[in-house]
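Which chain is which? They are A, B and C, in the order written, and residues in each are numbered from 1.
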Amino acid sequence: MAEQLATGSRRGLKPALPLLLPAYLWLTVAIFLPLSAMVFFSFMTDLPLAGKEWAFTLGNYAAFFSQGIYSTLLFASLRLGLEVTLWCVVIGYPAAYVLAKVLKGRSREAIFLLVILPFWSNGLVRIFSWAMVLREGGILDTALNAVLPFKINIDLMYSYPAVIIGLVHSYVPYMVLTCYLTLQAIDDSLIEAGRSLGASRVQVLWRVIIPLSMPGLIAGAALIFVPVVGSFMEPRILGGRTGTFYGTIIEDQFVAVFNWPLGAALSFILLAVVLVILALAAPVLQRAG
Amino acid sequence: MRMPRLTAFVTATAVFVSALAAQAAEEVHVLNWKGYGADEPWAVANFEKATGFKVVNDFFNSEQEMLTKLRTNPGLYDVVMINAAFNDQAMAGKLIQSIDVSKLSNYADIAKDKAGSPMLNHDGKVYGVPWVWGLTAVAINEKSFDKPPTSIAEMWDPAHKGRVIIRDDAVEAVQFGAIASGQNINDIKDMEAVKAKLTSLMPQIKTFWSSENDWNQMVASNQIDIGTYWSGSADRAKTHFKLPVSLVIPQEGAVAWLDAFSIPVGSKNVAGAEAFINYMIDPKFYVEWVTKVGAPVSANTKAVEALPEDAFNRKVMGNPEVAKRIQFQAPITDEQREKYLALWQELKVNVK
Amino acid sequence: MATTRILEWLGRFYIVLLLAFLYLPIIIMALMSFNTSPFYQLPFEWTTDWYASLWQNDQLIAATWNSIEIAVITTIVSTVLGSAASLALYRYEFRGKKLLQALLFPPIAIPWLITGTAMLIFFFGIGIGRGLVAILLGHVALALPYVIVVVSARLRTFAPELEEAARSLGANQWQVTNRVTLPWIMPGVIAGGLFAFAVSFDQFVVSYFLSTPGQTTLPVEIYAAIRKGFTPEINAVSTIIIVVSMALMLLTARFFKFGGEK
């Protein structure tokens, strides 16, 4: 199998346009233009509704830096995103490997589909189910006490671990499937060659398999990290009083008070930070691979 | 249950816009909280049978969202349910119109203090018809108490550590703190006292609730002892869902709110809107609502009198002693709201 | 090799564990649809009442059909458009390519609440208004980045020489794409489509802003219901959906190959 090349083989935007245009036109109408309106709002003192006075300001962005609570929460959210992503790698990558390299035939196709199926149910109903599992006197508590000879109290509900469990559950399929896509593409003969040359399993994993599957790992990590940083639904319900994150305060600006300019500014700061992190992380990961 | 045609979407942009314009005149579009009286199937059926109008319900999940829906859909709604404290803002934003109350035969029976509320009347015109009122008070899990507590201080009792809940709402939390620190909810002088009270409550709290369902699930699984709750919801939990919940109106007082119906500017069916509002304040509807579902207290005195003597909404909520303790919510400015939110966010962040 | 055998069995066991983790909440959801208490109260008391009342709940059923319909269309449209865009991003080198790739992240990074509000204002401003068309417009846009990112990840393992070789053998562009490239990226396209369906089917916030009273989706109905009237009818309808999809998926896996096996 040939070397894995990431870059395109041909130059020019013109031949690419027919393939690119439909998707990006759609994104422009449904996302980019609406969001530009939000960018516009984020520089306003007030919304131009109901005859209110408004002016241009940088105050909404300045608010982020003048009040410690915003950066504290953004930091907490980034940490949450990182932890959830790492857990998803730890749990998802081995599963993707087994799926790609151990399982064969129909069972592989079936499991490929079954991994994503739980997410065709409603997110909120799933969270309610987690509440049943994690709470004191819940399923986990009862089951463990039935097995263990000594009495323990498991009450994970409304805690940080509960938020992690809920989020990892929601996002691990992304990691499994994206890693599968690149792991499956690795030619088995490459692995065998490495082994026959005397490399240990760990060396083959480290030198051959992980580098070749890196695009899948990066794609999976981005698809997990990015939305988790802005999440507020799972943290609120599973985290209870510890469930306040950056997404929560953005939501508050829209739902509790009518301060869209501040809410928009806070979300664009989030976007900027996330993009910077992705831009920094991707090359580092590529090189590590 | 018919599978809508797949192709309908593809060409539908123009069709949709024109369909909106050509909305049948006999429909009454109602905007309200979900599961809050106006969407009860039996009520809708009774109203439709009596008047020939067809009811279309739409819902909101917060007052801000209700205002957003009115702003972005002029002409879509005929009736909107607005908390009296927001009526002012809706009128100032030219979202609602004045109501000709002479068309509402039940209007004369509305309690004078409610009908005459300055929150609903502007320049001698009526902008909101009082519907129901209720309390944000305290409710208890009956399994955890031999005898219902009388003081709000019970929530700070270390015996209930980790088994207390309050709603995740900045305004409600701050006003609750005001009551606990013995202040007027509409004129909080000592914000530091409120903050201190709430800060010391935080370690007691299990989680914040945001919907009635949260409260009921937690009582059903016996995870909480006590928490803030709405009077109508507590009544519904007890009578309709048979949960061990009872409402306590603490000696320190409670926050009272008044919900009213308004007619949005641009309504295409004002006659239908008037008929619907009149039906909503009718004693017959109210008694059925209380009996079948559980409801807050009607603003219509005749409707409350139609309840049995010992009904909670008549006996407890109608008690003059209670009336003395409660404080009705007045309008809150955007600045105050943002200040409350900042305080609430700070409290929630520092709990970690 | 004995070690390989053991490792392979451990691997299979691990997959079973992962599936158990993924399906745990789904099993509870299904069990609660047969429990009498609407508040997930235990002890468990068997009932089929929720299924009976679901049958009467026209609004919930109509919303479910809407959701399925929108999710299916979203999946098809976003998979086709997204795969095409991924191909272009893979094949061609041009100025601004990095920007186009970076632009995939705003829809994922900006909380849906803000995107939804922005769509509501914008669609209202340009006359699309609210309704199923608007919801569909929004869902496809939200799903596209997922499809493009996933398909691109698969494309990165594709050797461009294969396309060149096919071309040099006289195949035209369409034949190259159809016979060489598409079969290779098929697992990526399928995975992208599965994500697109999940994104659309469970999408609440954007649907919520863009739905009108008669035209809502299942998640909108569910979120409206938890305020006051949540009942296990919702568990019942979710259970039916999962069971039917599972049957469809297992059938698909029985008759089609798409995992990229050579």
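Of note:
Convention: contacts are C-beta pairs under 8 Å (C-beta built on N, C-alpha and C of every residue); 3 or more make two chains touch, one makes a residue touch a chain.
Given the structure is predicted, the values throughout are model-derived calculations rather than measurements.
Ranked by separation of Cα centres from chain A, the top chain is B. The busiest chain interface, judged by C-beta pairs in contact, is A-C. Between chain A and chain B the centroid-to-centroid distance comes to 37 Å (mean Cα coordinates, whole Å). The mean-CA centres of chain A and chain C are about 15 angstrom from one another, to the nearest whole unit.
Multi-chain contact residues of chain B (touching two or more other chains) are listed as 61, 217, 221. Residue positions 128, 131, 254-255 of chain A are each in touch with at least two other chains.
In chain C, the residues that touch at least two other chains are 40, 117, 121, 223, 226. On chain C, the positions that touch chain B within their shared complex are 37-42, 58, 61-62, 65-66, 69, 73, 117, 120-121, 124, 127-133, 136, 212-214, 223-230. For chain B in complex with chain A, the touching residues are 61-62, 64-65, 67, 71, 92-94, 168-171, 202, 205-208, 210, 217, 221-223, 334, 337-338, 341, 345-346, 348-349, 351-352. Of all the residues in chain C, the ones that touch chain A in their complex are 8, 11-12, 14-15, 18-19, 21-26, 28-29, 32, 40, 81-82, 84-85, 87-96, 100, 102-103, 105-111, 113-115, 117-119, 121-123, 125, 137-138, 140-142, 144-146, 148-150, 152-154, 156-164, 187-188, 190-191, 194-195, 197-198, 201-202, 204, 218-219, 222-223, 226, 234-235, 238, 241-242, 245-246, 249-250, 252-254, 256-261.
Contacts from chain A toward chain C in the complex involve residues 1-13, 15-17, 19-20, 22-24, 26-27, 29-35, 37-38, 91, 94-95, 97-99, 102-106, 108-126, 128-133, 139, 169, 172-174, 176-178, 180-182, 184-186, 212, 215-216, 218-220, 222-223, 226-227, 229-232, 247, 250-251, 254-255, 260, 263-264, 267-268, 270-271, 274-275, 278-279. Residue ranges on chain B touching chain C, taken from their complex, read 1-4, 6, 8-9, 12-13, 16-17, 20, 29, 33-36, 56-59, 61, 68, 72-73, 76, 211-214, 216-217, 219-221, 233, 236, 241, 243.
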